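Once you scroll down, you'll see the structures, which are given as structure tokens.
Paired with subunit B in one complex and with subunit C in the other, subunit A is shared by the two complexes that follow.
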Partner chain A sequence: MARIRFRNVRHAYPPPKGQDPVYALNEINQVWEDGGAYALLGPSGCGKTTLLNIISGLLTPSEGEILFDGEEVTHFPTSRRQIAQVFQFPVVYDTMTVFDNLAFPLRNRGMAETLVKERVEQIAQMLDLTANLKKRAAGLTADGKQKISLGRGLVRSDVNAILFDEPLTVIDPHLKWQLRSKLKELHQQVGVTMIYVTHDQVEALTFAEKVVVMYDGLVVQVGTPVELFNQPRHTFVGYFIGSPGMNVFSCRVDGGQPVFHNNLLKTSHRVKGELHGKLEVGVRPEFIEFARDGIPVRIEKIEDLGRYQVLTLTHESEIIKMVIKEDQDIPAENPRIQFDPDHTRIYCDDWLVEETIHA
Partner chain B sequence: MTRSTKWLVPTLYILFLMLPIYGLVSMSFKTTTEILGGFSFFPQEFTLANYKVIFTDPTWYNGYINSIIYVVINTLLSVTVALPAAYAFSRYRFLGDKHLFFWLLTNRMAPPAVFALPFFQLYSAINLFDTHLAVALAHCLFNIPLAVWILEGFMSGVPKELDETAFLDGYSFSRFFIRIFIPTIAAGIGVTMFFCFMYSWVELLLAKTLTSVDAKPIAATMTRTASSSGYELGLLAAAGSLTIIPGAIVIYFVRNYIAKGFALGRV
Partner chain C sequence: MHKTQNNKAWWLVVPVLILVAFNAFIPLMTVVNYAFQETFGDNVFFWEGTTWFEQVLRSPRFHASLIRQLVFTGMIIAIEVPLGIAVALTMPRKGLWVSVCLVLMALPLLIPWNVVGAMWNIFALPDIGLLGYTLNSMGIDFNFTRQPISAWMTTVVMDVWHWTSLIVLLCYAGLSSIPDDYYQAAHIDGASRWAIFRYIQLPKMKRVLTIAILLRFMDSFMIYTEPFVLTGGGPGNTTTFLSIDLVKIALGQFDLGPAAAMSLVYFLMVLLVCWAFYTIMMRNEEQ
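The block that comes next holds the complex of A and B.
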């Protein structure tokens, strides 16, 4: 068990000849608290897997340091870091039985055989593998094999952290739910740090206490699912989390308030001082409502998704998404909308402008 | 083609394929006089005398022993050296890796005759001439590149995560390689050994150039077509039939994996 800290970590893979290195990870300063359940969320290629491999020691970062409880471990080999890692695709030792596969990490650490047996049986029970324990691992189906991989990651109770790299990709949806809640249950029982990489926001939001959103080699925001939803710090977070994502429009700022196509928008977070760069205003579809006076729009499309409806509106050439309740009426003539001032925010070069005066 | 004639083409093919082998085997049971006398499909005077000579005359049976010794040394040597090399090619990226890998293959393009003379001179200089080791080492020239190629294909089929998981599980590299990795690619090693065995077994030129008496291979003995007692064609046919047997035994053990080797395009 340890608190894992990244200090100015950057990493670049060796570039093709004659080119400048491209950083897969760009300056990460991050603390993973002991016992936390984290989800690492981001699109493919944003550096999630690189980050995991740096924690487990499979990669040494080009720059910066990693500390476990204040001790520098940047150049420690994997075996000294006490990290368990589960990969996207099943990794099993084909030549061994299921039992031996699960027992492998324990036996390697010289655990007594009676304890090994007890622990393996416990894990096998949790993953529904008890009936297969004596079979050879090679004969199992893909999701059976992935369950072994998961089991091997979970079997040790003395690890500093367990890292999951999109572990449920090959598992069918029904079993996915089940395994995810098992993982969560286990986390509550054992209290070991878990970091779960995914590009599926539902998976991230249901598993984690804290979600770390990565984009283009940077950690753009760390927060609880509610924080990410209510206060996205980067336009990417706004648009990646939520369905549909946040509306982002270019705007100008006048007297600390955004002006969108000559419509002055009210916001409770007034910007202080001058801003330079690309200015945008962001509002989630959930925080838009119909109003008597407001921005005139045209309704282009209505999608009924059961409990709510998604409306596609246009104003000038901008497309605006809006979410309303299933039973809410849609004005027939001259619809006008209004943005909720508490949830209308200004972004400068994609980052949230945080220096604001509460109006 | 109708169902009833479907068997025709493969049967004819196999028949033509087997014909020379049948000729050889049938000749080995004939006397030399009968062979020289004219063509006959079955031995008129069935005789085991040819085989008896081979199994009793040391100049003949030593040929087999010599061949087997250097082939086995060569196979073990090639696979042992190729395993780490193939691992490096399949797992690491380094400067010029692709060129080096292709260059290995080009070693197979040069005819062995090119190397016969320098090898002869070198081995004579270091007193390796006419030893089993000399031939085994010389055959490494084409067998190591082959082994690296075949093994690399099998190793690349094993996900890199297997290595990473083993390291995370607390295995050192050498323990992982011996305890986990080698058993995982056992089929590939079997196929590789078969091909090393085969190429070394059939190679004549280097084996003949680098030996004189003590390590003379069976193929070299067989080039002796005539002796003081005239032509010995029956004897030659018997010796030829026997050279097929070791290969047949080896292929029996790897028959299920060979197809995989071909599928990888590495054989």
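The block that comes next holds the complex of A and C.
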């Protein structure tokens, strides 16, 4: 059990000859509290797996240091870090039985056979593998094999953290749900730090207490699902979380308030001073409503998604997405909309402008 | 629509039948014909029954060459398989050196067999060959044309040089098919280098290894060209393996009956081992 801390960690893979290194991780400062359930969310290629491999010691970062409870472990090999990791594709030792597979990490560390037996049976119980313990692991289905991989991670009682690298990719949808609940349950039982990598926002939001959103080698925001939804700190978080994602329009700022195609938008997050860079205003489709006097729009498309409807609107060729309840009326003539001032925010060069005047 | 129903399509098989008949079936049947009869030329044959088979199976000469053959095959498999695995394990997985190593490995396989024999013959000559001269000047008495042990050593080393590459290439293919995840998981599980070999690499190589051993068994059991060029079966009969002996009987002594009987026995032995191998392999697959 340990608190894991990243201090100025950067990593670049060896570049092709004659080219400058491209950083897969760009300056990460991050603390993983002991016993937390984290989800690492981001698109493919944003550095999630790199970050995970750096924690487990499969990779040594190019720069920066990693501390476990204050002790520097940057150059420790995997074996000295006490980290368990589960990979995207199930890894089982084909020639061994399920029991031997689960016992493998313990036997490699020289644990007494009676303790091994006890521990393996306990884990098999948790994962519903008891009936298969005597079988050859090679004969199991994909989700059975992935359960073994999970089991090998969970079987060690002394781990500092368990890392999951998109572990449910190969699992059938209905079993995905089951296994994810199982993991959450196990987290509550065992209380070990779990870091769960995924590019699926539903998976991240249901598993984790805290979601770490990564984009282009950077951690752009860490927060609870609600925080990520209500106050995205970066336009990427706005796009990536929520369906459809946040509306982001370029704008100019006048008196601390955004001006969008000559429409002054009210916001309770007025910004201070002069801003330089690419200015944008962001508002989620859920925080737009029809109003008598607002921005005139044209309705291009209505998609009925059951409990709510997604409207595609245009204003001066700018596309605006809007979400309303299924039974809500849509004005037949000259529809106008307005943005909720509490959820309209200004972004400068993709980052939320946090220096605001509270009205 | 009207469908024509007749058996004319069978005519399409005729070319293949003719081909197989002329290059396999008729020659084999000729051998069978010789194995049961005696001839003094002029196409006159006398029925001999199983006489030739009894003679071959009782002949000490046949026993001796069979034992030499088994020892030789056993030795080269015992050396080439572990050596091939070891080389495959040390070969690089990525980068520029992969292709360099692969080409170097493939080279011995591309050399015609009689050239291999000639190369090693010259290489091992005690007075002018690099190997033979070096050994002798180091004080080791080495002469493969006169000493049975030197002759055996040279033949075995030549075969190892010639064919280990095949096992290396097959094992390397097996190793390359292991995803990185397996090695990473093994590191996480705290597996030792030996455990990685035993539980990840060896099981993944099992299939190619079976094929490699089968190929090496068949090829070495039927080896002719290289030892014929290198030692001619000598000194004396010490490196006369089955096929060299067979050629000596058939073409040297012109004993067609015993030679035909011997080749059938020889053929059945190879067939039997291949069948046993195949059966065991299939049974393992099913498990």
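One rule holds in what follows: the second predicted complex is superposed on the first by the 359 of 359 C-alpha atoms of A that agree within 3 Å, B and C clash if a C-alpha of one lies under 4 Å from a C-alpha of the other, contacts with A are read in each partner's own complex, and residues count from 1 in each chain.
Just so it is clear, a residue touches a chain if its C-beta (ideal position, glycine included) is under 8 Å from a C-beta of that chain, and two chains touch if they have at least 3 such contacts.
Remember, it's a predicted structure, so these values are computed and weren't measured experimentally.
Superposition model on subunit A: subunit B and subunit C are shown in a clashing arrangement.
In the superposition on chain A, contact of A:Trp177 is made with neither subunit B nor subunit C.
By the touch criterion defined above, A:Trp351 lies against neither subunit B nor subunit C after alignment on the C-alpha atoms of chain A. Of the two partner chains placed by the overlay, subunit B and subunit C both lie in contact with A:Ser79. By the touch criterion stated above, A:Leu58 is placed in contact with subunit B and with subunit C alike.
Of the residues of subunit A, those at positions 53, 56, 58, 77-79, 83-85, 87, 89, 91, 93-95, 104-105, 108-109, 149, 152 touch subunit B in one of the two structures and subunit C in the other.
Subunit A makes touch with subunit C in their complex at residues 53, 56, 58, 77-79, 83-85, 87-89, 91, 93-96, 104-105, 108-109, 136, 149, 152-153.
Contact residues of subunit C toward subunit A in the complex are 179, 181-182, 184-185, 187-192, 195, 199-200, 203-204, 287. Those residues of subunit A lying in contact with subunit B across their complex are 14, 53, 56, 58, 77-79, 83-85, 87, 89, 91, 93-95, 104-105, 108-109, 149, 152. Only residues 93, 159, 161-162, 164-165, 167-172, 180, 183-184 of subunit B touch subunit A when the two sit together in their complex.
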